[in-house]
Amino acid sequence: MNRLLAWNRWLGWGTLLLLSACLWMVFHVPMDYQQGNAVRILYVHVPSAKMALFVYLILTLFSIWYLWKKSETADILAEAAAYVGAAFALVTLVSGSLWGKPMWGTWWAWDARLTSMLVLLILYVGIIALRNAFDDTVKGGRATAILAIFGAVDLPIIHFSVVWWRTLHQPPSFNQSASGPTITGPLLPPLIWMSVAFVLLGMFLLLLKAREIQQRRTLDAMELERASHA
Amino acid sequence: MLKAIYRLAWKDVIADFRHRSTFSSMLFFAIAVLLVFQAAFEPDPQEAQRLVPGLLWSTVLFTTILGLGRVFQAEEENGALEGLLLAPLPRGAIFFGKWLGNLVLSLLVMTMLVPLTLVLFNVTIWGHVPMLLLLLFLGTMGLTALGVLLAAMTQTARSRETLLALLLLPLVAPLLIAGVQSMNSVIASGSLTGPWLNLLLIFDVVYLALAPWGFGWLMEE
Amino acid sequence: MLKAIYRLAWKDVIADFRHRSTFSSMLFFAIAVLLVFQAAFEPDPQEAQRLVPGLLWSTVLFTTILGLGRVFQAEEENGALEGLLLAPLPRGAIFFGKWLGNLVLSLLVMTMLVPLTLVLFNVTIWGHVPMLLLLLFLGTMGLTALGVLLAAMTQTARSRETLLALLLLPLVAPLLIAGVQSMNSVIASGSLTGPWLNLLLIFDVVYLALAPWGFGWLMEE
Amino acid sequence: MTPLQILDMAHRFGRRIVLRRVTLRVEPGECAVLYGANGSGKSTLLSLLATRLRIQQGSCLLGDVNLQTHGDLARRYIVLIGHHSHLYGHLSPMENLLFFRDMHQVAADMDALADAIGAVGLEPFAHQPVRWFSAGMKKRLSLARLLIARPRLLLLDEPYSALDQDGVSWLNGVIHRFQHQGGLVVMASHDPEKVQPLRHTPWHLHGGLLQSVTESHRC
Amino acid sequence: MTPLQILDMAHRFGRRIVLRRVTLRVEPGECAVLYGANGSGKSTLLSLLATRLRIQQGSCLLGDVNLQTHGDLARRYIVLIGHHSHLYGHLSPMENLLFFRDMHQVAADMDALADAIGAVGLEPFAHQPVRWFSAGMKKRLSLARLLIARPRLLLLDEPYSALDQDGVSWLNGVIHRFQHQGGLVVMASHDPEKVQPLRHTPWHLHGGLLQSVTESHRC
């Protein structure tokens, strides 16, 4: 774990480099005639949406690992993953809303994808809140791990029920636009690179947060130790 | 072991009828919500008919959450939960006992809620009442299973009432959707079958299978 | 005495808030409630506008009752309520302390709820937001006053008092209906005055005057 | 300082008569210790003195304050440490004492609170939630209140239970000092050995009547 | 009957180490009494033996049942009467015992329950809700469970607190008979005088270590 953390600095620089390169690319792709400049939001929106989902998968794995092996490293990583995932989900929602205003004329619509992303964010927030509601790290860790696993079972069900809910009945007022225009041609490579950059960014943030959590826990422990020897 | 489960549920139900009054405050809340919507919407009968499933399910959801806040409260009183965990019972049995007690109370509230709603909103679909009740019962099974688990989870947490609701609401979203939609189709076509009913059943099975296991993990120190 | 009231409310509120996430969990709790209503009613924008008062008031009712379950629970734990009653304070002060703590939490949820509702349901009546909030605040004052009294009743656990809890329903219902109707008239005509508002104010004054007295009476052995 | 005078006090819960006729006078500096079987009404008597229960019959004067008619006033001069700890599990010792201070409207700054916590040996735990404390640690914390409040009448309901030997002698020291300053103490206990070091008057509560205990048949 | 063997057991709550290395062997008929300061870990040790807490380090055998791996099985042979009464306030003594019986799956008919209630002197209150009982009456009721369950290992956490003199000698009688039948007892207490009449082995828990107590410096 500690070795990983030391190595993280290089990961940070790498991420920064790649991100700047991608941003340069993003501002040099030809503009979409239909969507105008707003299309550039896509390069933040889509990768962060994918990362929000991906981080939840990782969170679930860490949770299972923690329940099984009772390893504190897994617990710390799971705690960090919740924050990182929440951040990506929030970015997705905000960028989506900002995009939605010019595209659909509203900030929000009750569409399948939007709803399940919102649920994911609530779930992340719930996980963070649950952990913070305990004084005892072990109890908090165990409770959150179980909740995370339940969320993992539930997310696919939510996703599909939300899809059916909308497609079986009233079609959304904006036909299909959430799935967006298929992305082709010169728009595609920057997106792929951006996705890679976001994966790196996610890893970097995860390890950064994990280190903060680890240090905080060590500090707490030191304080306790000092207190009980006083 | 069945006897132990029964006894555990018995204790909670008795408690309620002796004094804790979860039941009356749940019912109280349900009626108040119905009145609020009546006042807010003043729906004509047709509109009302469309609203009924939503009203029923959202009331069920919220009253259940209200009831859940108290599930483990009696156990706190004299360290009784600890006493329970000292019994030679698998944790799953304790879970089922608590679940059963809560289920009974929820079902009682529901049984009163459905006719009340129909009367208050002047919706004359009395023939569908048994099916509506059946759907609510099915939904409540999964709902309370998840709810009891989360109640156990948040028992020693800070500001646990809000937390419980925050954790439960997103997780039961599919149940709610399935419940509302299957009720819609009952009201529209009178038939109980369909994909939504299946989703409801899947949800029940998944949660009733997973929750005791989660409870066992939770109670381990 | 003001300090004691403040400290009592502090214990209930600030103690919860020591951890960063309480605030955000309330925010997302409000969002989750809206999600449930969306799934339940699926309103189109026009319908949504009519639903808004009902949604807001029933959420207020729900969060208030939810909070109430907790109000006296912390007091049960180690006989703390008894400790409270041993303090050289008039019972009224204890009531106000508990009331204040509960009020703060309800108001916080409400403040977040109103703008969120408008965004998520695409209802563009932004100009009315301050008035809507004002109405909710007014209603919450009376509602929590009654609620704290009710919680105290069910807490002391003498069985005849569950009956009293049910008797409170007819008391709360007019308050809620007045709230809904005054909100309807705000949305329709933009004006805050009217008989419903007066009714709301009357309820507040009456409940806030009577409840401490009732509380004192309840706590006397 | 002023004496406590209980005259012909009786109490019933519903139909069950617990105290028939209790008369007791406690002089400044005196410590009256109530012995008696389980359920004989010791805690009930203390609750009456603490004005927690309404006095149904008889009268009770603390100096010239009538507990029956001036409960609010009397509560300023009385502290009861009962069977229950009256602590909030989610608060730390410091916060619990802060809460007690403001509720009882006594003047005590943070240092005084910290000192009280130190005196009962809980300094290392001063900022941890009370919920997970051991039984004795909770008892110690609830006794720490004695150091903050400056009551005239101190009511102790089985104060020694859950305390270890150090705790017992610390508590006896506190009571002793309090007596020395002219305070009144009424205590219920089942541990004559632990009360022994104190200068006290033993009483025996039986059948709702309070009887003086001669040294020989002390219970 | 079979002995209880604790080997090198350690326990920590989070980062706080409460037990460092505890080794103890209790033979059939023996009663081990734990003394120690408040917060020294006596209750923690009893909770570990009751399989309420997971054994983190070391091992513990009751006969040939390993408490760490076969908690469910072990709980059948163990009864813990702790600080808390584990009673439900809204149930009567009869109902509370019924509940205990069904939870612990012991065979006892209603008469046996009524007898147990009579034995602890609660007969007049057998059908009243426990909530308003006095502290000692609650303690008596929680001890009445000893008469219903037939454990091999009896764990008692400060069993004498709140009991009056009759209660103490009744309890000592029960423990004595239990020892006589070859049962194992582990008890935590702060009252050496009350344990005195029992044939027992005193231990002292300090700094997470368990030390044998010589008669002279018994705590």
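Quick notes on this structure:
For reference, chains read A, B, C, D and E in written order, and residue numbers begin at 1 within each chain.
Following the convention adopted for this analysis, a contact is a pair of C-beta atoms (placed from the backbone, for glycine too) under 8 Å apart; a residue touches a chain by one contact, two chains touch by 3 or more.
Just so you know, these numbers come straight off a predicted model, no measurement behind them.
C-beta contact counts were set side by side for B-E and A-C; B-E has more. Rotation angle relating subunit B to subunit C: 175°, from a CA superposition, given to the nearest 5.
Taking the mean Cα position of each chain as its centre, A sits at the greatest distance from subunit E.
At the interface between subunit D and subunit E, over half of the residue numbers appear on both sides, which makes the contact a same-residue one. Rounded to whole angstrom units, the spacing between the C-alpha centres of subunit A and subunit C is 35. The mean-CA centres of subunit D and subunit E are about 29 angstrom from one another, to the nearest whole unit. Distance between chain centres (mean CA atoms), subunit A to subunit B: 31 Å. Each chain gets a centre from the mean of its Cα atoms; for subunit A and subunit E, those two points are 50 Å apart. For subunit D, the set of residues touching two or more other chains reads 83, 90, 131-132. The multi-chain contact residues of subunit C, meaning those touching 2 or more other chains, are 15, 19, 22, 25, 28, 32, 35, 39, 42, 77, 157. In subunit A, the residues touching two or more other chains are 119, 122, 125-126, 129, 133, 136, 165, 169, 228.
Residue ranges on subunit B touching subunit C, taken from their complex, read 18-21, 24-25, 27-29, 31-33, 35-37, 39-41, 51, 53-55, 57-58, 61-62, 65-66, 69-70, 73, 76-77, 158-163, 165-166, 169-170, 173, 176-177, 180. Considering their complex, residues 1, 3-4, 6-8, 11, 14-15, 18-20, 74, 77-80, 82-90, 220-221 of subunit B touch subunit E. Those residues of subunit A that touch subunit E in the shared complex are 136-138, 220-221, 224-225, 228. Chain contact summary for the complex, subunit E toward subunit B: residues 50-54, 72-73, 75-76, 78-80, 82-91, 95, 98-100, 102-105, 129, 138. By the touch criterion stated above, subunit C contacts subunit A in their complex at residues 19-22, 24-25, 28, 31-32, 35, 38-39, 42, 119-120, 122.
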